[in-house]
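So that you can tell them apart, the chains are marked A, B, C, D and E in the order they are listed, and the count of residues begins at 1 in each.
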């Protein structure tokens, strides 16, 4: 059997197996999922560079599956994160109800994701896209009683996206009579500009919904918040990347560099890419601002995801080697740190049962590992050297500045700076400050939950020091994409036409300086006296037990006052209003069914009469 | 499969009639026998239509009745289309008959089974017959039994629904009869193949009028938009299995009639555009009406109308692939809508109310039934790997290919609306906390078997669409190219 | 308003329908040589029945007739189902006058015999199973009207119904078994224009007659029972 | 020709009754009228001037002397169907009256929207 | 070098206090009071800690500052002190500057004093304000010189006329506003705001921790001054030139602070988004044209 087919078979089979066998014993589901992922992942990983192809015909359409390097890149991300999530889930989901359902949906989501990346034709792409959509929908509604609205919103928006993609697919099909990517690549440049605009905008809606690009993001915060934490990690880490994957396909495989011939170019970038870059940048800025004022860890991270995906979209839109490399590097980064953060928040939820900032605080001493993960996570997120987050951002900025897209650069810088705000809020309100008494005796999460987080943390450190391996891989991917010259980077030095950074030096300097300072400081001075947290400077007054010493509510109140103009407008509310009004309008239609049989008979008669009158049209 | 022996296809109609006539006698023997009669007979029909399939795919089987050659006597013309529809009808009928075994019925039970069997026989006859007037007679058999079954639960709403159905239905049959009169007057024959051959020589004003009358007549059964006032009432008030059969069988027969009329008998090109437009209007109106429906079965009825709209779009596109897609959609709908009706019937039965609002939390209390409902809803929404996906895909593909992009977009909008209201119900089933005291009996095994068959087939068709399409393509070809159909009948003469 | 609408649209429909039908010449011979004319030309030899309408109804288009019988059966069944009551209601009608009663008693057998005659001679004279059946039912209607307490035995009725319907189908099946096709005329035609001619046509018509008669009677009975 | 006109009049009057009359019984009567009109129309189509019924009871009759037998056969079937529909319609009316205690169709509209 | 930086920075602060006092007709502390204070704090034997982060924060903060210093060319004359600045560029400097701030914020967070958290929150909010004009200014410089390397930018300012303060005045003005915010003196001292939130973030720190943080503060001030000198004043060829230029910059922000009262947090944030940013954008447009 072809490896690519085998991979999909294993994954889909495991989902069913884990559901059915899971009825026998609750441990089996996770084990099966784990084995299947390892097995399929190994098979998949070995196809690196082989470009294994499997094609057949289904319902009159050519179906082609191929593990190209691009597929391998995204597929491996999915496998690694999927593995981490499954291991994490073992402890997290223990003793929860409906584990079989959970594992089923998780496996099928992973399978759908892999299906998407290996698809080399539009129909199977859409097929797996839909599978991924509904399986993740199943996951969103896992906590059944609360999840209905978020789930339906997610599903409907996904459907809107998927259907606009479908229209685009068939527009292509009707022009090329093929849905294969390779045919499309060749044919795209023959399309008229109007058709290209239609296709680009339809695809943009399709991928933009999944990649949560504003203004198509409104499902994300609710869906992320409501789904089980391990899955939220996967959701943000991998599923949203599928939108990114789609955008890469659109800009570098489908349209294949012929956009510049058909559109006005701005700063050397064809208009569609330029617009995408702006969408991305604005998404990054606005989502970050909204993230800052959230009072809910998962919503905060969700908006943060939206913002980070904005950066990635920005990079894709730049249509330059460095920009794309930056986008892909940042995509990997985002996957890693967002999974870390969601897992960490999940760990907090696992122990405390809440993700409201106002109810948490001071967990650092209780959950030090989790704190450490969050710390590394936010450093990466904020793009502070020496961790890997900086590398991706650096490439994006260099690409922007190279192409003289200064306004975009400024917006992106602003968004990036604003990200510090929510990063700090996240770590402070959960782990620092005063701890509520009811959390005095909680324990750190089990090792099976710690391990994936910590391994990913190590990965960020590694990528921060030696981004070369990843960049090299990205370069290989780029060389397979149409019209893109791969970036070339040497060992640990990032360089562009405008500047260079040696990541290893940065890491070494920070490390050496820290060790020197730390050693000096700690050898010169005796140990400090540890006091309880309540023992603070309060101008001579002794804080009573009921005085709130933890500043967590309305953390950025001045900030939200400052940006209230932005916060007032909400795409979500706008959509809700549109939906409501549309529904009322639709509802009016119902009233033609008056309930009177005679009226219905009248309709028949009128219909007949009109048909007679306009009978010539039927000829 | 090729070697399956088959009997004279006339038995597919004769045996059910015989059985229906015999039921009162059998009831004397035992009260329990009547409920197994439909099962047995439809089982036979199912076998027969499967056994016929390889043969009819080669070329249409013409079955002579009463030893008279086609234009003189009535004949059954079993092309791929008729055969496949007969297969669908028998299949759904069989499954619903399985469900019926334990369906809680009011007296007089045996009459229910007689009506049920005859309704399905009527539909089978419609798709098999090669004679226009005979088609009308079978249509009447179907609809009269449908009227009676709609009111079978003798409550006030059932009678109301049945009356509306009867009112519209008899007007529609009048139209068909007028159309037949016109056709007979101008061609002098009633055999469809013969008519198709001769219709070219007839004054087009006459044929146009006949076509209009026929469209209106069959349009009522196939639930075209302004003609479908009866449908929501009838679907929602009929006993559950009957609702399932309406959605799964009766409509299909109506659409068959329509397709036969517009494709085989007449040859007007403009009518396809008309059907296309009616299809999209039907789809959108139905989905809009279903959006805020309070009663689950009414909602299902509107959804059924919407699905028929999609089929009409496919028929209106008039390309072979589109028609095949439309037939696939019919096939899928014939599997899924009964599944939804049957599961909804149980849910309604357990919650004791037809309102969607009272289904809260049934997912917890009745996991199996709720699962089947959700499964059906997902399949109907067209989510892969279930069957609805492929048919929708093909239809939309052909719509875009034919250049109707806006239309495709509208159809997809309809699909989104559909997803919204189905998800709302599924959401209620699973998300809301249950009301306290609901009857907590287990679902009967027969119902589970019936629903599993439907769900299993839906999954199968979703995973292996080519298996189904392999049979549907010849059927579509039969509609697109009527010469084969005509030749088969003429050859007998 | 509704009336105006109705009239307007009906006028349109009427106009177009009439215009269309005006294209069909009235009173002219428009018979198709293959179909209608062929029935007239060779119907007697080929079916043995001199009443061509009967030969069409029962033999050429016998399948229709089977459907037709089924429709009637359905109507009866449907009524039975819809008007089903565990305890039949007591009729509270007045008895008819003595004249009517006596007349009815005299006429009843005659009507039944007429009915039987009509369907037995369906292949020879105008008339046939449906007509005969209807006549029989009207006889029963007369009795229902005349006598307050007149009752028919439902079991017997349904037995008749079953027997007649079954024998119709069975006759058809015999055609399939011993002849070439369903409903094929397997019996010898005999000499045309005599009672024992035309093969299975009279047999089918007898079955139809019995069935129609008993079904219509059942229908009448059911409806009368529901009226207080 | 007058037969056509008569037939159409019956049909239209029948439909008019169905559309306008409030009383269920009258609506059913309207349906019967429509049926009757259609039957008349069918027979009229088969009619050939100066020809007789298609029964060879008299040896002197030849095939050329007879009207089209097919419409008559069809009408026979149609009549039966009409009877069946009417019977069922009346049954349903009875049921409606049982439940609603009225025959006014405007008052029987619980199923709507 | 770090020690030099710290000493210079602290001395400037001392001079600043003196100047403020003189302006307000006070006598003011001696110029080296700050250095003395720090040394005194260093010599304290005891200190209390609130936890790991609290303990690590000053270390990490100073690590961040020193690391930043390592990537900034300090002298660019005949005897240049470039440290590691050829291994990193302006973008790196921008981000690595935050490292120390983050560490401070974390330490302040663990101190458990609500005032600290409020201070951090205010500080971050204000940072969001002044970063915008700062970034605009930097983008102008980077695009104008078509490089992101600080060394190249210095090299481009080889004559006085080509100093960016003259060559791109809009960038300079925008950057100077940002500089005011960055230094955190009045009117932009909202994070510390001694009168409101008891000096905010460092309020729980004492003894050796406070000493380390004060050192850091001085050093960080020096880092920023050097950075600005490099960016706008053509770098410094000799140490004297460096001192002159940095002190001039320091005085500018000091005088602004003396005559202005403190902003409210959101006022300060939105202030930066208005005029400074607009000026910067004008400059940017000019550059692009």
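The rule is short, and it goes like this: a residue touches a chain if its C-beta (ideal position, glycine included) is under 8 Å from a C-beta of that chain, and two chains touch if they have at least 3 such contacts.
Owing to the predicted nature of the structure, the values given are computational and were not obtained by experimental measurement.
Touch-path distance (fewest steps) from chain A to chain D is 1.
Any chain touching chain A that also touches chain C appears here: B, D. With centres defined by CA atoms alone, the chain at the far end from chain D is E.
Seen from the C-alpha centroid of chain C, the farthest chain centroid is that of E. The pair of chains sharing the greatest count of C-beta contacts is A-E.
Here the spacing of chain B and chain C, counted between their Cα centres, is 30 Å.
The distance from the centre of chain C to the centre of chain E, each centre being the mean of the chain's C-alpha atoms, comes to 107 Å. Once the centre of each chain is set as its mean CA position, chain B and chain D turn out to be 28 Å apart. Centre-to-centre separation between chain A and chain E, using Cα means, comes to 36 Å. Counting only residues that touch two or more partner chains, chain A has 590, 593, 595, 597-598, 601-602, 605-606, 608, 612, 615.
Annotation for chain C: residues touching 2 or more other chains are 2, 6, 10, 13, 16-17, 21, 24, 30-31, 35-36, 39, 60-61, 64, 67-68, 71, 74-75, 78-79, 82.
Shown for chain D are the residues that touch two or more other chains, namely 11, 15, 18-20, 27, 41, 45, 70, 77, 81, 84-85, 88, 92, 95, 109-111, 113. Every pair of chains that touch is listed here: A-B, A-C, A-D, A-E, B-C, B-D, C-D. On the chain C side of its complex with chain D, the touching residues are 2-3, 6-7, 10, 13-14, 17-18, 21-22, 24, 26-31, 35-37, 39-41, 43-44, 50-53, 56-57, 60-61, 64-65, 67-68, 71-72, 74-76, 78-79, 82-83, 124-126, 128, 130, 192-193, 212, 219, 222-223, 226. Residues of chain D touching chain B in their complex: 11, 15, 18, 24, 27, 31, 34-35, 38, 41-42, 45, 70-71, 74, 77-78, 81, 84-85, 88-89, 92-93, 95-96, 99-100, 108-111, 113.
Listing the residues of chain B that touch chain D in their complex gives 133, 137, 140, 144, 147-148, 151, 154-164, 166-167, 170-171, 173-174, 177-178, 180-181, 184-185, 190, 232-233, 236-237, 289. Note for the complex: chain D touches chain C at residues 1, 3-5, 8, 11-12, 15-16, 19-20, 41, 44-45, 47-49, 51, 53-57, 63-64, 66, 68-70, 72-73, 76-77, 79-81, 83-85, 87-88, 90-92, 94-95. Within the complex formed with chain A, the residues of chain E that make contact are 45-53, 55-56, 58-60, 62-64, 66-67, 70, 84, 87-92, 95-96, 98-99, 102, 105-106, 109-114, 117-118, 120-122, 124-125, 127-128, 131-132, 135-136, 139-140, 142-143, 146-149, 152, 198, 203-204, 207-209, 212, 264-266, 269-270, 284, 287-288.
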